[in-house]
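After this come two complexes, each holding chain A, first together with chain B and then together with chain C.
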Partner chain A sequence: MSGHKNSEFVAPLKTAKGHGSAHEGAEHWLQQKITALAQIPLVLWLIYSIIGLQGASYAEFTAWMGQPVNAILMIILISSVMLHAKLGAQVVVEDYISCGCLKMAKLIGMKIFFYGMAVACIFSVLKIAFIAGI
Partner chain B sequence: MSEAKIQRPLSPHLQVYKLPLTALMSISHRITGVGLITGTLLVTAFLVAAASGESQYDYVMGLATSLPGKIVLFLWSAGLYFHMCNGVRHMFWDIGKNFKKTDANRSNYYVLIGAFTLTVLTWVTVCGRLAG
Partner chain C sequence: MIMAEFTLPKNSKILKGEKIDVSNGGARPKTFNVYRWSPDDLDEAGEVKNPRIDAITIDLDKCGPMVLDALLYIKNNVDSSLTLRRSCREGICGSCAMNIDGTNTLACTKDIGDVKGDIKVTPLPHMPVVKDLVPDLNHMYAQYASIEPWMKSDTAAPTRERLQSESDSLVLNGSDGHGPAACILCFCCSTSCPSYWWNGDRFMGPAVLLQAYRWIADSRDDATGERLDQLEDPFRLYRCHTIMNCTNTCPKGLNPAKAIAEIKKMMVARH
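Moving on, here comes the complex of A and B:
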């Protein structure tokens, strides 16, 4: 951005804000990368945990979720994945659907879908964690 | 006129070009990304079932440990590892590293070997636990 050829015409504010010619997008890109980076250790932890929980009884599973560290990491992972997937799916829709009104409907529908899944997951994690050991 | 037509560079067209490995890897990132959304939907279903009660939990755990369930889990893990490794490569590209064609050709194999190794390690561990 700072290496812009016509930098004499570009106010420093433009660079500072990180906005491109479309005035948006940098934030989308950055969030996609931040969530991607955060997910690497979290996904490895999730797979490791799932291996340990194969065929676990209800009591064993709820006890696992009742551990604060597990419930907290689950909620962080869920939040990250839902944002990452929403941003990702948005790009896919934008690439393949050209009809403007249909695109808008899809984008709104997707937002509801991913935020809905996030709420369902987080509520479930909390409920399981809170009933553990009762 | 016809000469200009011949010399004009052709833009790649999916139906006539044999896709190089780099292109296959690129579209696979998108395919696994969308596939992983299905995986996330299944994780959500599992969590909601588990939060609903013991019998619902037993039902979904039964599905997850059945043979079809294991196949889905295998595909999920392989897709996730591929997407993760290729995602790391994407982030190297984003900071301007490994951008040359030869680098990209070489890192194709890093990604494939990484995803393959992680998948095998995971399932060897799973089988090891099931065996004893």
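Moving on, here comes the complex of A and C:
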């Protein structure tokens, strides 16, 4: 954004209008709310499960993860958490980074990081689930 | 600049100013710590001097009950160069908005008795200062103009006023008189909003969004979709993170945060 530097001859209305509206943001806002709400039951389920798995052996844990309901809920939880984290981190970068080039680099890097994390976590769950299921 | 600035630039550091006591041993002395800065105030090297806080003690028996009365007493009797905006002195013009005792409010409706100890008076936060307590509001006025704050309708102009039901008018006026139409555009809310401080160049801020809602919610205006289109933007609208300083500070008791929430709900409803 060009901002209002050296704007002696630029009408304030031009600065205020800027590059116009991006016509987006509602989706981002809605996804953030939905993922936040989804995590309430999912995290309660996770806490309940962890308590139930106290003292479990590796074989018991992988067998638990191998159950379709547990594997599916775990994948939904991971997707929801990673999407929520990505949306939140994006807002933090947009809020506090004012240097244009660095901002774009951070936004792209951050997206790659969270999507990469999501893929790695989901792959791990699937690997355990499918091996345990054999 | 890579990240947000955490320290003030050298020429913005606020220094201690003069101590002036004109209470003359009066019964009710009160000290006002007033922000002073003038672009015409130069040091020996010809550089503009840093802002300073002057501590001025007056006798409250000699002036009216509000902070504005005290500031005008100081201007009339202590230092005529003290610069501030004021007009109606009854909370309806919004000119004397400033930060008093750490909160943005109107000097004319802020009771001196509400503040214990010394009263610090500074301009509205995070705005360029023109002089003393006068901030530069040009950008905010331009943002207000950008939402086209007037009635838009494609229906033929009637031969009389465009009518509105009582319940529709309550959306604008509020059943308690605290609806969005009661906003006086003092900008206490926008200048109290951290999100507006960081991204005020693109974020509309609570005052302008409250006014945008005032037109979106008007039953006589049919540019609702166009108005929502113009606001649907990660910065213009969605920099609002419901911090709620706006509603907390509004000297008229209005609720800009609720108006912004209503706009966000409309955005989702039309998805």
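Annotations
We adopt the following convention: the second predicted complex is superposed on the first by the 109 of 134 C-alpha atoms of A that agree within 3 Å, B and C clash if a C-alpha of one lies under 4 Å from a C-alpha of the other, contacts with A are read in each partner's own complex, and residues count from 1 in each chain.
Here, a contact is a pair of C-beta atoms (placed from the backbone, for glycine too) under 8 Å apart; a residue touches a chain by one contact, two chains touch by 3 or more.
What you see is a predicted model, and the numbers here were worked out from it, not measured in a lab.
Of the two partner chains, chain B is the only one that A:Y58 touches; chain C does not reach it.
Of the two partner chains, chain C is the only one touched by A:I97; chain B is not.
Of the two partner chains, chain B is the only one that A:I128 touches; chain C does not reach it. When the two structures are aligned on the shared chain, A:E27 is found in touch with chain C, with no touch to chain B. Of the two partner chains, neither chain B nor chain C is touched by A:I72. Contact with neither chain B nor chain C is seen for A:A105 once the two complexes are overlaid on the shared chain. Only residues 30, 33-34, 36-37, 40-41, 43-44, 47-48, 50-51, 54, 57-58, 61, 65, 73, 77, 80, 84, 87-88, 90-91, 94, 122, 125-126, 129-130 of chain B touch chain A when the two sit together in their complex. The residues of chain A lying in touch with chain C in their complex are 1, 3-4, 11-13, 15-18, 21-30, 91, 94-99, 102. Partner chain B is touched in their complex by these residues of chain A: 33, 36-37, 39-40, 43, 47, 50-52, 54-56, 58, 61-62, 81-82, 85, 88-89, 92, 117, 120-121, 123-125, 127-128. Within the complex formed with chain A, the residues of chain C that make contact are 1-4, 138-139, 141-143, 145-146, 195, 198-199, 201-202, 229-239, 241, 264, 267-268, 271.
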